[in-house]
Amino acid sequence: MNPNQPQAINETRLRVRYAETDQMGVVYHCNHFVWFEVGRVELLRQLGFSYRDMESKDGRFIAVAEAKCRYRAPARYDDEVLVRTQLLNVRDSVVHFGYELRRVEDGTLLAEGETTHIVTDAEMKIAVLPEKYLTVFRAAVGKQNGEPLERTSHQR
Amino acid sequence: MNPNQPQAINETRLRVRYAETDQMGVVYHCNHFVWFEVGRVELLRQLGFSYRDMESKDGRFIAVAEAKCRYRAPARYDDEVLVRTQLLNVRDSVVHFGYELRRVEDGTLLAEGETTHIVTDAEMKIAVLPEKYLTVFRAAVGKQNGEPLERTSHQR
Amino acid sequence: MNPNQPQAINETRLRVRYAETDQMGVVYHCNHFVWFEVGRVELLRQLGFSYRDMESKDGRFIAVAEAKCRYRAPARYDDEVLVRTQLLNVRDSVVHFGYELRRVEDGTLLAEGETTHIVTDAEMKIAVLPEKYLTVFRAAVGKQNGEPLERTSHQR
Amino acid sequence: MNPNQPQAINETRLRVRYAETDQMGVVYHCNHFVWFEVGRVELLRQLGFSYRDMESKDGRFIAVAEAKCRYRAPARYDDEVLVRTQLLNVRDSVVHFGYELRRVEDGTLLAEGETTHIVTDAEMKIAVLPEKYLTVFRAAVGKQNGEPLERTSHQR
């Protein structure tokens, strides 16, 4: 493993808001996807990019094409949650992320998920990710110049 | 009262979603503002306008400048809620709405609120509402050509 | 097909709220799961049950164990959306729903999804669904007394 | 000013989530109330209390009775926002908070607001705040044993 290789996994923490709970006394299940998005943005930042600039300066959007989540244990109000985000795969116009949510206090796995994104322009037409992103993203998933290595050990 | 006068009050119904509850077992208080917005859009529709077109065709936005809500009784999951929306006042670049939320089943007053909006263009600069809206809006608050009549009986 | 058999598919309409859009100008992807929940509750109502009563009177909750959505076309502000919900499968403690979202105006498929639920008691321990629900649910997925018929033509 | 007096103002930072924007390209106005709630919980924590424990151990809830917000400048995606929360007033069964939201980058005032809360028990009946909270809260608003000092300089 090249130590100069971009770090392919981001870890971010957030605290469960009251607004995110429902009357079952746990976090309503759609919020997990919002947290995935928080992790995704922070992973991009860690790789040297701002998703805000990707949109406003490069005119590229990563629209969600597929999203899934498996809920393992309820997240509760005021829990501190660790969002672990990994770049699973990248192609010219497709980006694929994986996520793990854990309760910080005791390490309990709360949920696992994946999202697949299509790169689009501002009119929502499919577009190619600019080379500066592709280069870094490919390195981050363990590929070099489009040459795929073995799939990462990510097992879900 | 002129029978041709636009109806200044809209009544719309919605059903409380599970997502809108919190762990106190009642609707989380920020959702009432979302319901006010539902009522506002339906009042515009009743007056002959589409807020979607106001944005996309006329390039006018009604940004929220102030919002308030007084909570009278908890709204609960699966309640059917009546949103009663009234146009309280309109000036060239300011629109002022009032709202009442009632549980349909027993008429209980759940909340009352008001929002004040500034009319802007797409760059969020203050702009004047096109005359076609102003004419109808003024009539709807009981004014004609800018000449104010007595204030409506709306007391809050 | 027995005409007395409970109708296994529910169709409900809702209108996209401004609050549900994001700065890409389309509906933020987590709201589709909220709409699935709206469809689920209405399917239960069509089958003769109130999810509110299931919780408050029978002490049974259907916690989400897995959720996924494939996004086919962007939903936009003020679109009227048809939520088509189907009971895909039921076992003593597991319920599985499928969904389709279509724009009413032109029939465009917006998204497809599935959710799997674990039946729990108020302490979030796995529990068996009371017989009155099981009987109706099984009939609704084309089973009788636990005897599985051929899988429905639902292909995803 | 007694240096041992509890600090009456809390400052917390959060980053605007994509989910919180709307198609106007700015933060949807109901999210400001969610951020006020984040500030409120952190102010309680700073005063030595956990709102989670207040609910689960002391059986006291602070239901929102009134909420208002004046929007001064649009908050945008990925902005870092400073939430400044102040305890404005406390009586046996009423707590009153004030808020200011500022963009961290340039100090721009984004919004100001206030919320009033009624203390209730788990059945949502009005209840008195336990003495341990009252003592600290009163000190935090510049009162001692219910004896009001001059009002704080908070001007809105």
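Points worth noting:
Chains here go by letter, A, B, C and D, matching the order in which they are written, and residues are numbered from 1 within each.
In this text, a residue touches a chain if its C-beta (ideal position, glycine included) is under 8 Å from a C-beta of that chain, and two chains touch if they have at least 3 such contacts.
Because the structure is a prediction, the values reported are computed rather than measured.
Residue numbering at the chain C/chain D interface overlaps substantially, since over half of the positions present are found in both copies.
The distance from the centre of chain A to the centre of chain C, each centre being the mean of the chain's C-alpha atoms, comes to 27 Å.
Taking the mean of the C-alpha atoms as each chain's centre, chain A and chain B sit 37 Å apart. Spacing of chain A relative to chain D, judged by their CA centroids, is 31 angstrom. Touching two or more other chains at once are residues 18-19, 23-24, 26, 30, 34, 77 of chain A. Taken as a contact graph, with one node per protein chain and an edge wherever two chains touch, the assembly is complete, since every chain touches every other chain. For chain B in complex with chain C, the residues that touch the partner chain are 15, 17-19, 34, 37-38, 41, 50-52, 77-78. Residues 18-19, 21-26, 28, 30, 77 of chain C touch chain D in their complex. Those residues of chain B whose C-beta lies close enough to touch chain D in the complex are 23-24, 26, 29-31, 33-34, 55, 61, 63-71, 74, 124.
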